[in-house]
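Structures given as structure tokens follow.
After this come two complexes, each holding chain A, first together with chain B and then together with chain C.
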Partner chain A sequence: MTAPRLTPSRQAFATILAKDLRSELRTLQSLPAMALFAVTTFVIFRFGLDRTQLSGSLAAGVLWATLLFAALLGVNRLFVAEREEGGFDAIRLAPIDRSVLFAAKATALLAYLAVLELVVVPIFALFFLGSAAALGPLVAVLLLADLGIAATGTLISSMAVHSRARDLLGPLVLLPLIVPLMIAATGASEPLLAAGGPGYHRFGTWLAVLSLYDLIFLLLGYAVFDFLLED
Partner chain B sequence: MYGKGLKPLSIATVVAIAAAFSLVFFYAPLDADQGFIQKIFYLHVPLAIVALIGFVIGGVFAIFHLRSNDRRWDAWSYVSIHMSVIFGVAVLITGSIWAKASWGHWWIWDEPTLVSFLIVFLMYATYYPFRYAIEDPGQQARYASVFAIVAGAFVPLNFMAVRLAQGLEHPRVFASANGGLPDSMLFTFLVCLAAVALLWLTLVKLELTAKSTSGQLKRLRRALDAPPSGSGRPRIAPEVS
Partner chain C sequence: MTAAQATGEPALRLAGLRRDYGDRTVLDGIGLELGHGETLLVLGPNGAGKTTLLRILATLLRPSGGEVWAFGCALPDEAWKLRGRVGLLGHEPLLYRDLSGRENLRFHAHLHGLRGEAAEQRIAGLLAAVGMERRAEQRVAELSAGMRQRLAICRCVLHEPELLLLDEPDSNLDAEGRELARALIGPGEGRTRVVVSHDPERFEAEAQRVLRLEAGGKAVAA
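Moving on, here comes the complex of A and B:
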């Protein structure tokens, strides 16, 4: 009898990620809803604030609040298939390192967020901004913030999905956890979206805060994820 | 077994609190700028420090729980966080009183320490619905530990982010005036800090003792085949053996 062998992590990661992306492409459960939600929220802000043009802190606030709430929709659905179709049992039985599931799910969420922003941020610029000059440097902020949302979102979602009232619990716990990320993201975006063209006041500091947040929660998620799959 | 040492600890706490309050009212000088209201600082700041350290300690106990799989650590973690949340309510109230007295408003959004503490408090307030929503006791303990660890790491990070976001400084009583805090004030403050820390510890031990006693009682009742009292209600708090 040979010793039990682990499937190489890279292979397991690629398989789970491909499974997730394929099932999303086939069912389109999360992404269209997220995008539609975001665009509708822009319309609501247009009337809620009674503004047709946004700049500075108001623009940053509308953009990030909308992206965050749209992201929550994706976060809520992230593990639903695993829970309902017995995916968790399959992962537990599979000869793989369990942290791979965290990495693959966070990457899938990161991909959803990237696609969401690819669609929604240009629409935001079209609706509210005079020029598209800020969009270039905004990509860096978006990427770093997405990484943080993906890390915390995956972690919280994997716990919330096992609870009663999971749709409620995920956002409830995730929102306060994401506040520092929002502070940094809006802090970096505010001068970028200023009326007189993009500025870079404390841009580097905020990117550093975002990177630190990402690093801490990616490492934490990786470290504790094993315990969430025990049964 | 949790009751061991509770009596001397309680006596020490009472003595420390009595000493702290006498020092606050009869020994520490009146603040030149703020007058009498500044004395709430001797209560507010130690409460805040102890609550925040209590949150982080809750995270450390959670690490012990995950490493050893010993449910007693989960109880320690739960009670630490529980006490710190209660202390947190007191921090927010005393802080608001101080803010009203020295800045004229109950709540100041430009104030990083106030806002950071509120965010941390809101984060830990979700600990209860979180525990409550997970039914399996083993899973509940594990998930609560993960929550406690994540939130424990979140505390310093959050303080940093909020501080960076705002300008106006918290009244740094230590650093105010040139030359800092007079020795008499510093001494009073340190006694207050020790008293509040002892209070926290006593309450944590008391809560654990109460939980373990009611757990034992329940087991005895079950052994006698009597219907357990207060049953049928789902429990958030971990049971202690």
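Moving on, here comes the complex of A and C:
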């Protein structure tokens, strides 16, 4: 029998990721909407709360609630091309490890979130923070939380995209799963955004919780993704 | 020659194949054998299970019962061994609308392990073979249905599959397109093919075996 020809996972990963990033750069279907949503929400919070300065838990809550709901816009669109243009079939026909699709999609979402935050977190600081001192250490929290959102979002999006009610189903399933991540992200951010400058009370503990969450959902995605692609 | 050919195993062997969607049986008790390099023509009315049969052979659907062997691989358990050796031309072109024809073919080439100059040469050759060189940089969304079908044919044979699964391969093609496509997906050159069509006259002369399905997925004659 002819030996099965498996494409190296690194090549397949780079191919799918490059395709997604090229499509997004060309069509700008996700990122501008995510950024616009986040900035608009900051404006609403600013006038709704009637505050020009936020700190502590309130600042962390505003930041993470906004980022999470902006991320949902990207999550909802993550597999739309695969569903509507036959990408799922094309990828299932290829001699590749199907977990590569999970890794590539999660990385694409991670990239969208990183770009989103590069734009909107400075705007958040401009709107609500007295200084930018917290932004440096906040990067670690953002990275770990983004990884968790990317892993969980990719997993849920791949399931929800097959439903006609995907725009509803995705958030309904994703939000409860992401609650622990939000608790840890706001817990880690709260001392950083405290009035009078960043503090580090239980900062390491919350980062450890975020890391554990990331690890669980990355492993879960890797383990079950192959089954999710079956008919 | 593959080991399956050397041992005299048929390219395809189906025995008692059944596929259900919930309570509805779409294929029921299909059995046949197809030799290497032969063409099987699958005929039948809408809803008879023709496309379902192709998707099972492409490893995209699991059979609900029976046995399916393709090129010595038992499906679905050994589907991973068969992927990459199958070319599927279905109702959908499996092309991304926001990428150009060449970018789409490059994407599929890379997924199938082709890279670099070898991939570029293969793509250029196929685009020329279907008369699409001048349209290769256009986005798929801007192409006509016939042009998309030509690209889909390129995608289908890009990795030189041993088994071609063709669902209405002439759809949307004009006379010139049909003639060009014939060189890539027509009979000959040892291609094993399963062709689904509503037009028996078009393909019957090319087929060594004919499978007629009736509504409910039963084989009338094989």
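Here, the second predicted complex is superposed on the first by the 230 of 231 C-alpha atoms of A that agree within 3 Å, B and C clash if a C-alpha of one lies under 4 Å from a C-alpha of the other, contacts with A are read in each partner's own complex, and residues count from 1 in each chain.
Heads up, the rule we're going with is that a contact is a pair of C-beta atoms (placed from the backbone, for glycine too) under 8 Å apart; a residue touches a chain by one contact, two chains touch by 3 or more.
These numbers come from a predicted model, not from an experiment.
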{"item": "Clash-or-fit label for the pair chain B, chain C on chain A", "value": "fit"}
{"item": "Which of chain B and chain C A:Leu118 touches, first, second, both or neither", "value": "neither"}
{"item": "Partner chain(s) touched by A:Ile44 [first = chain B, second = chain C, both, neither]", "value": "neither"}
{"item": "First, second, both or neither for A:Leu28, with chain B first and chain C second", "value": "neither"}
{"item": "Vertex chain A; arms to chain B and chain C (CA centroids, nearest 10 degrees)", "value": "90"}
{"item": "Chain B versus chain C as contact partner of A:Leu126, first or second or both or neither", "value": "neither"}
{"item": "Contacts of A:Glu85 with chain B and chain C, given as first, second, both or neither", "value": "second"}
{"item": "Partner chain in contact with A:Ala12 - chain B first, chain C second, else both or neither", "value": "second"}
{"item": "Which of chain B and chain C A:Glu230 touches, first, second, both or neither", "value": "both"}
{"item": "First (chain B), second (chain C), both or neither touched by A:Pro95", "value": "second"}
{"item": "Partner chain(s) touched by A:Val179 [first = chain B, second = chain C, both, neither]", "value": "first"}
{"item": "Minimum C-alpha separation between chain B and chain C after superposing on chain A, in Å", "value": "6"}
{"item": "Intersection of the chain A residues that touch chain B with those that touch chain C", "value": "230-231"}
{"item": "Complex contacts: residues of chain A adjacent to chain B", "value": "152, 155, 159-160, 162-166, 168-169, 172-173, 176-177, 179-181, 183-184, 187, 202, 205-206, 209, 212-213, 216-217, 220, 224, 227-228, 230-231"}
{"item": "Chain A-facing residues of chain C, complex", "value": "2-4, 58-62, 71-73, 80-81, 83-86, 88, 90, 92-99, 103, 107-108, 110-113, 115, 155, 162"}
{"item": "Complex contact set, residues of chain B against chain A", "value": "66, 119, 122-123, 126, 129-130, 133-135, 139, 142-143, 145-147, 149-151, 153-154, 157-158, 160-162, 164-165"}
{"item": "Touching residues on chain A, where the partner in the complex is chain C", "value": "1-2, 4-8, 11-12, 14-16, 19, 22-23, 26-27, 81, 85-87, 89-96, 230-231"}
